[in-house]
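By written order: A, B, C and D. Residues from 1 in each chain.
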Amino acid sequence: MDIKVLKEITKIMKDNDLIEVEVEAKDLKIKLRKAAACAPVPALVQAVAAAAAPVAAPALAAAPAAPTKNADEANWKQITSPIPGTVYLKPNPDAANFVAEGTAVDAAKVVCLIEAMKVFNEIKPDAGITGQIKRICVKDGQAVEYGTVLFLVG
Amino acid sequence: MDIKVLKEITKIMKDNDLIEVEVEAKDLKIKLRKAAACAPVPALVQAVAAAAAPVAAPALAAAPAAPTKNADEANWKQITSPIPGTVYLKPNPDAANFVAEGTAVDAAKVVCLIEAMKVFNEIKPDAGITGQIKRICVKDGQAVEYGTVLFLVG
Amino acid sequence: MFKRILIANRGEIAVRILKTCRRMGIETCVVHSTADKETLAVKLADVAICIGPGPAKGSYLNINNIIAAAELADVDAIHPGFGFLSENSHFAQVVRDCQIEFIGPLSESMEALGNKAKAKTLANKAGVPCVPGSTGPVSGQDEAIKIAREIGYPVLIKATAGGGGRGMRVAHNDASLVSGLIQAQREAEAAFGNADCIIEAFVQRARHIEIQIIGDKHGNVVSLGERDCSTQRRHQKLVEESPSPVITPEIRKNMGADAVKLAKAAGYYNAGTVEFIYDLERKKYFFLEMNTRIQVEHPVTEMVNDLDLIALMIKVAAGEPLPFKQEDIKPKGHAIEVRINAEDWQNNFSPAPGKISMYVAPSGKGIRVDSHCYAGYTIPPHYDSMIAKLIVHGTDRADALRLLEQALSEYYLEGVKTTIGFHQRLIRDPRFVNNEVTTKWVDDVFMKQ
Amino acid sequence: MFKRILIANRGEIAVRILKTCRRMGIETCVVHSTADKETLAVKLADVAICIGPGPAKGSYLNINNIIAAAELADVDAIHPGFGFLSENSHFAQVVRDCQIEFIGPLSESMEALGNKAKAKTLANKAGVPCVPGSTGPVSGQDEAIKIAREIGYPVLIKATAGGGGRGMRVAHNDASLVSGLIQAQREAEAAFGNADCIIEAFVQRARHIEIQIIGDKHGNVVSLGERDCSTQRRHQKLVEESPSPVITPEIRKNMGADAVKLAKAAGYYNAGTVEFIYDLERKKYFFLEMNTRIQVEHPVTEMVNDLDLIALMIKVAAGEPLPFKQEDIKPKGHAIEVRINAEDWQNNFSPAPGKISMYVAPSGKGIRVDSHCYAGYTIPPHYDSMIAKLIVHGTDRADALRLLEQALSEYYLEGVKTTIGFHQRLIRDPRFVNNEVTTKWVDDVFMKQ
């Protein structure tokens, strides 16, 4: 084995804030561990396969929403509540939801209503958020605050 | 395996703040662990390289004494003060010091006096501390407290 | 009594209000920005609702979102604290229009007294002595020069919508008056969207003395005595104390009566502060302005009167009559407050936000600390730099100063620069100890030595 | 007055003593073990000296090292706090032999009153009522049975050197007396190196009431009123209050007079506490023992009397006469102290040392917290588990309980388990509120429900 391999791995560690790396070649076993900010290091171990390819840092979802499940999710965008209020997913009790998982959305599409001060505010994705609804993060009638994640769009 | 490899690995460890390295050659097994930033690193982890001899753990000097300078120092033992008081390095003002750097010491050798409660307490190394005085960490007449490092012995 | 109160503020005053609510058995809803998720009030609140991003414009000044939170949390009343929307009469009106009680005066009273020129007119009518000068905004340079010559130089140029020293200039002659007026107007336009300025006689050696008043909805208004806030830096109060060590009992009594007179003239209720300037040469006081809200330094008044001003505000807002009459108010001892800010006082008091790594506040008899900080808390850069208010209450001023010196020496805080060192130096200065301070002293003398 | 005092203790009492010293302008030297390098007193002290390893035997009980530190720091006096060497008459004598003032009573007084059998003899002589029973250690089973039959079962077996509930047994008949005596002697021998036991009548429904006294070197001894510490778990005090809600003014007066009588009989000076058991059935009190030092619960007495007991201890140690007479002592209001410990109270109060990650103590009028803890502080496993003493002072007991409930709800502490939840539940229990508690109630009723 060449010492250079070790050096390259330590560089990857440094660049990705990893605190643990395990590599086992010939049919490959890789184990990486990242530093938890300050907390008692939770075992967030991600097994990645692929020989020499650089390892993507497992981005933590910023929001206290649902935990991310796969690599795709890291790229999903959030539609958040601009105001504290009550979420309504349908225009009226008897109607269908504005959107479902898979619905295509853009800045023109009403995705839900948030009632605040007796006013039903139509919520649309911010400019730049286009794609399909990947997940609905709130329930009909749920109270939300500023910044609560309503939908994930991918 | 060449000892140089070991040296290079320990250098990589030091440069990258690693606390654990495992390398298994011939078809490669590598394991690296970095110190978690905030957690009070509990296990004094021992670095092991391939099939070769174990590498000494980079022991942290427990005392707030002088910073260690070279690998040898990690093995030096401390003679500490058992009592708050005033250190005297010589038996009387006109005499020579009890010990100098290089003096051989063992549990029978008086290395200094600590005056406490008008009594001059003869300080000798604890049993098991033998070797040469490597460094004198206090000055004649200095006030010390319990645990103050007086001498390093190697 | 209210069942649940929304606290539309942050920092130590949010904690202060929350504690009184809890003591009264009232639930609390604390609204906060995304930058304040870790503030103490959020942790202590019965309900905490995020209302917007860090910059105050989107959160603590966002009327829509605050009202939305109030309806979501189903509160009976809103306490605005100080700063932010506390003196916004429109906000008070919106709150009341939503059938929620605004814990403060009527919007009309806020409008009548919150504007300096209007307030001065009202004070003149009510017979409260004002600094001689223009009775309203000056129309231009010519009128300014005419008035300045009448009252004699030096004169002070002040923005009617101003506060905190912005939009203020001193002029010593016609030339500096003209240039000062232009600058003040420009600054006022930028800061408050209103360029109106008034002109008045400038008091050379002044003490800043203010009267705390409280009124109920039944027409009762009582003065709770004065606070002397003369130790200022660039018009920002640094130290507040009560009683004032420089005025006579007679002046104290007249000031209090005049403050009550003014409040009554405006149909005022709830807590308010009537600020006066006291001219050390003429030994006369003049009405400066009125703050239609609770003030940072209110604990000074609480300590000498042994009462809870926030509780009184809530009670009178709920319609209760004041539980005392003017003759019941008998302040005891001497209280001093200093503001502990996260500022590098040796470097022009520049703000020093950051993470507090170690925090132990002083405690003990006669020592009070109002704060929202704790070890591990990061002071966000969006808001003011206040860490805590340290208030001491002694038997007399010397005793209070001893207590203050001790409390400052016991304040154990690491991680950010603070003004503790400034206060330690200040209270050992013989001129401060001997009450030789004027409102300009810190700027002109103390900081230059 | 002393120039520098050595504080031979740790935890909150070290901070408590330090603050009073600072208030009095006296420098402080804090000695500490290697496990206490991060404690607050070390950070606040003028001089801090490490005297030994974590286990108390090598540090806080190491007389040699403490005296060495005292000479190194050149102190005038040593305050022993409570626990550790505070009741060690040998230590007091060594200190005085070194020309350093021991802030406490004479060694002779400590010896006369620190031993329970001796103290009881002295009390009997002085005419202070004692629980009927043996006047000294029982020689064996036969004498024990004879005495027990004379005074009637149930009887209590107590180690003369005991404390904190160790070496204590209740016997309801001859058989349980014999086995209990053996157990108590064995326990006492192991814990205190002294197997001597006395036997006395067992009071079924008891309140623990104690009198705080203070004496000067001029023969004056004054009672500062009582503390009721009946809420105990396994003989460990949990809550202390003053005044006692169950005794009459007459009993209070007699208890105080008897406490003073006993102290004078022993030539006692400085602070001390005379503990009584109050029999709720007979409505009589009996002398239990005397603690010849400051106690954990002393703040309760400070609050109702508006004085600083630590300052008084220092002053009388320096030779000053007491600044008041018995008739000047007029306690006001009602004070309650609860001990906040790092214990898992739902799991048999097992100690729960560890790191405090978040710490904000309650504050406000009538609320006092004595503590050495802060966020980031790790409670070492070597010593007791006390985090803080929370003391409230209200106008009456109901007011104090309201304040206490609020203060407990404002106590914001994360990282370790605490007894806050226990106290919250306790003070809502109607039997506690209505003063139906006896010294056994927590063990026999409250913890079993």
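FYI, contacts are C-beta pairs under 8 Å (C-beta built on N, C-alpha and C of every residue); 3 or more make two chains touch, one makes a residue touch a chain.
Note that the structure is predicted; figures quoted are calculated from it, not measured.
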Steps in the shortest chain-to-chain touch route ending at chain D and beginning at chain A: 2
Any chains in contact with both chain A and chain B? none
If you average the Cα atoms of chain B and of chain D to get two centres, how far apart are those centres in Å? 44
Separation of chain B from chain C, taking each centre as the mean of its C-alpha atoms, in whole Å: 58
Using the touch definition from the top, which residues of chain C touch two or more other chains? none
Shared-interface residues of chain B (touching two or more other chains) are none
Sites on chain C touched by chain D in the complex: 19, 22-23, 40, 43-44, 306, 308, 357-361, 363-365, 368-369, 374-376, 402, 406, 409-410, 412
Show which residues of chain D lie in contact with chain B when the two form their complex. 31, 34, 49-53, 59, 64-65, 67-69, 71-72, 98
Which residues of chain A touch chain C in the complex? 83-86, 116-118, 143, 145-148
